[in-house]
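What follows is a pair of complexes built around chain A, which joins chain B in one and chain C in the other.
Coming up: the complex of A and B.
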């Protein structure tokens, strides 16, 4: 069986960054496997600007950001197989893939980095019985149709869900001449970034209807309209608040889910909170030599963080291959306390962590003027006031290794939000 | 004195910014985390501008369209005229990031640049 030191599954920004970092750390036998016909992942359809301000100190569009990393991969002559779908990864790192030239084939890997990104929550998110006329798309599908195929799905549009893709598509469809009637959001707050509410909705006078959902779909062959209604605090439609909106297109922007069929089948432990693998400070999963980074690990809204995280994964995978990654030693769980939905990583091995570690997390609700705290067992080592905390924005804190070394009996690190 | 609350669109951090004005004159800009935020806020309360990103038709290449952006900010009221003008543009053959798709679009003084490599 042919083999590589490092096999990276997925050629989006996560996979590309991990490859570059592993190469720069001295690994030479690297292979990137990508099922699409080109590298770049989701960035190829994200033609809007707002990428890379932290990495490159300039604001790039998605394809430009991808192009910079594709160039870095090419400069290093890192091998890539396109149009190649990975079917299976075994716990001992045999990767099974398929493409047209080679059919189904197997490769042995010294280490594997999972970088498969995420996919949109399917239409099932639309909780309405009955059939589905033509004209209903996920926002990401519409984004691909408009931005890559040059084809407009409709003229009169309603968007359900205020995730970033939905907001971006509200503007995109408007610019291409469609009329976007409204964006309905089930929750009482938007799931998208504030900047996107400003520049995608407010700029064009598109109403955002919070605590509203679609309760009925009209049309036999083609969509002719939707009925929306306000919901109560239990997300149940309130009778009497129904409104009919004629439209030929309904876009669903109901969030993203890490794409982990491969990981699950391999025996990687997944976190119910993130739907991504449980990883430690080295971004290593429970399976030795299998690492994860980017949207497959948890959904990121900032590609710069994807790149940082993936550099780390590439660097750690290189250390593992060069026998420089110490064994795990004692392990300390990182707990998502009050007001925090999850943390990545969710376990830390102090014996092999760097001088400091970035803990990334999301809060579970909108909070104003609350404090972000980190507790080491009963001792609070961080207490920081935050003007606004929102689930749409990923937060991060740094933890120093010395803090953990001082406490050999530490049983848990807890990140939580406190009122005072 | 007048205060205007803005959300900076300079990057996905989305800092909340407050601009204090007196008779149209900017006295203070607060809440931004970096210089871009200051620049954005001053422009936003006087003459708002935006970057426009879109696609233009492409022939003799592996994709039917290619993504483009305005090389810099254009006045907000020029967004739709620029979109109209982009519809008329046809590029041909392989294009690279940074190629000029249109010069001085609609007299804004700003060029439109290709943002993707397409073979």
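Coming up: the complex of A and C.
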């Protein structure tokens, strides 16, 4: 069986960054497996700008951002197999894949980085009742049709969900000549970034209807309209608030799900909070030598953070391959306390930490003027006032290794939001 | 002029067509939709019922048990998925126990084999997720799960191979009795046939009433379902029913032959024969009712919900006979559950009636076997490598959730009675049936359809004319009035 030191599953922003970092740390036998016909992943259809402000201090489009990393991969002569679908990863890191040229084949890997990205929640998973006509797309599918294939999914559009792709598509569909009637959002706050609300809805006069959802879908062949209604505090539609909106297109932007079928089948422990693997400070899963980064790990808001995280995964996988990654030693759980939905990582091994560690997390509701706190058991080591905290934006804090070393009996790190 | 014209390319019509294709006769199937299996046959529980449910002595009971007995060998002959997983009917209180005994006695009278009553412990040992309050259950080992699409398609393809003509997008609008034959009006012009088979599902009464003074009444009875991801597919092993009580019938839980979990259906009488919309009330009814039989179903793994319509005739009986005041016009009506199971037997019965009517002889060279679409994942590794080396399209995954290859999709389009719509491809080889519901693959499948059919992408549709998927190209917007 042919082998590589490092096999990276997925050639999107996470996989590309991880490959570059691993190469720069000295790993040479690297293979990227990509199921699409080109590298770059979902960035290829994100033709709007706003990517790379943190990484490159400039505003790039998605394809431009991807191109920077594709160039880095090419400069390093890192091997890639395109149009290649990974079918299985075994716990001992045998990767089974299929493509047109080789059929089904197996490769042995010294280390594996999972970087498969995420998918959109489809209509069925949202339990929207009604007919099942043509004209209902997830926002990402519509984005592909419009931006890559040049086709318009429809002319009169309602968007359900205010996730970032939905907001971006509200603007895109408008620029392409469609009429976007409204964006309905089940929650009482937007699921997207503030800048997208302003630049994609407000600038075009598209109404955002918070605490509203689609309660019926009309049209037997092609969509003819949707009924939306206001919801109560339990997200149940309030009778009497129904409004009918004629439209031929319904776009759904109701959340992203890390795509972890391979991980699950391999035996990687998944977190119910993120739907991604449970990882430690090295972004290593419960299976030795299998790492994860990017949207397969948890859904990010900005690609820059995907890159940062994936550099880390690549660097750590390189250390593992070079026998420089110390054994795990004592482990300290990181707990998502009050107001925090999850943290990544969710466990820390102080003995093999760097001098400091970035904990990424999301809050569970919108909070204004609350405090972000970190507790080491009963001792609060961080208490920072935040003007606004929102679930749409990923937050992060840094933990110093020295803080943990001082406390050999530490039982948990807790990140929480406090009113005072 | 055809000898026989069958209205409806659902499972009953196609089963009849296949049986008639054994005979020396010209047969045509007309279908209002763009594909076979587009009505009741496409949205149901996908079960081969054992046959304990139907009333003793009824035609329904006889054809159910006969269909159940034929189904396994038919699945080998026609190459469609079949798995005998058995069924359990749960009794949830001691006072309902006589009802379970009645069901056992009825099943035995109907000729169902292997029925037995299991104790609470036996049930829970087989099915750990069943409500622990269960008191006993009827076990029917001959019950099975099948793929309703592939059964329907296999019957149709085999009929076509044996000479049956199919006309799609052709809606029957009226009949004129002629001297020894019928003229059939359609929206594509008139057709003629010596005999007509009315297998029009929820429209069967409407058609019957055009030719007969003895009126039929069929109610579309809607059934809503939840379909869960394969991660939940082994939540139960057998098909779990609830013993009907004075409080109602309950809903069933079953694995599907493709490894998903199916929960439903409701039974809601409606007027619209195209009313396959789910409702919030219907879906909530399922999740509420199922708790009494199978607890803790992971509904967060739901990938879609859908509804199908049963063709419920007022007498709750299959009506398969020559219409008394319309000689040569044969009803195949009121085919509701267990219609899918009974279909092979229904086909035989219809063919028998017409063979006698027209004194038809058997064909010398009937081809009984049909080979399904190549499934590279069902092959041995060596066979699969050889296939991909020969035809690389079978090594190119288009649908990542169900691992469907370009080769399978192309085959689905290129075969006789090939797919003409996105849903047609989905029913044949499953791209879009998985957890992302076509989010990633549908643009690619649309491109393949356009290329193979030699049409523009704007003509590619989801389920027939009027369901086109895109409205035009970008940058060509009409900005007037914007």
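Going forward, the second predicted complex is superposed on the first by the 416 of 420 C-alpha atoms of A that agree within 3 Å, B and C clash if a C-alpha of one lies under 4 Å from a C-alpha of the other, contacts with A are read in each partner's own complex, and residues count from 1 in each chain.
Assume a residue touches a chain if its C-beta (ideal position, glycine included) is under 8 Å from a C-beta of that chain, and two chains touch if they have at least 3 such contacts.
Given the structure is predicted, the values throughout are model-derived calculations rather than measurements.
*Asks:* Should chain B and chain C be called a clash or a fit once both complexes are overlaid on chain A?
*Replies:* In the superposition, chain B and chain C stay clear of each other.
*Asks:* Which of the two partners, first being chain B and second being chain C, lies in contact with A:330: first, second, both, or neither?
*Replies:* neither
*Asks:* What is the contact status of A:149 with respect to chain B (first) and chain C (second): first, second, both, or neither?
*Replies:* After superposing on A, A:149 lies in contact with both chain B and chain C.
*Asks:* Which partner, chain B or chain C, touches the larger number of chain A residues?
*Replies:* C
*Asks:* One more residue to check, A:63. First (chain B), second (chain C), both or neither?
*Replies:* first
*Asks:* Using centres of C-alpha atoms, tell me the angle at chain A that chain B and chain C span after the overlay, to the nearest 10°.
*Replies:* So the angle at the centre of chain A is 110 degrees.
*Asks:* Please work out whether A:215 is in contact with chain B alone, chain C alone, both, or neither, and reply first, second, both or neither.
*Replies:* second
*Asks:* Output check: A:101 vs chain B and chain C. Expected answer is one of first, second, both, neither. What do you get?
*Replies:* Second partner only, chain C.
*Asks:* Look across chain B and chain C in the superposition and give the shortest C-alpha distance you find, in Å.
*Replies:* 5
*Asks:* Same chain A residues contacting chain B and chain C, which ones?
*Replies:* Touching chain B and chain C on chain A: residues 146, 149-150, 176.
*Asks:* Help me check something: in the complex, which residues belonging to chain A touch chain C?
*Replies:* Counting only chain A, the residues touching chain C are 35, 83, 85, 87, 98-104, 119-120, 122-125, 127, 129-135, 138, 140-141, 144-146, 149-155, 176-179, 215-217, 220-222, 237, 248, 261, 264.
*Asks:* Inside the complex, what are the residues of chain A that reach chain B?
*Replies:* It comes out as residues 44, 47-50, 53-54, 59-61, 63-64, 67, 70, 146-150, 175-176, 193-195, 197-199, 203, 301-302, 387-388, 393.
*Asks:* Flag every residue of chain C that touches chain A in the complex, lowest number first.
*Replies:* Result: residues 227, 231, 274, 276-280, 282-283, 302-306, 381, 384-385, 388-389, 392-393, 395-397, 400-401, 403, 422, 435-440, 442-443, 447, 457-458, 461-479, 482 of chain C touch chain A.
*Asks:* Given the complex with chain A, which residues does chain B contribute to the contact?
*Replies:* Listed in rising order, the residues are 6-14, 16, 50-55, 57, 63-65, 67, 69, 76, 79-80, 83, 97, 115-117.
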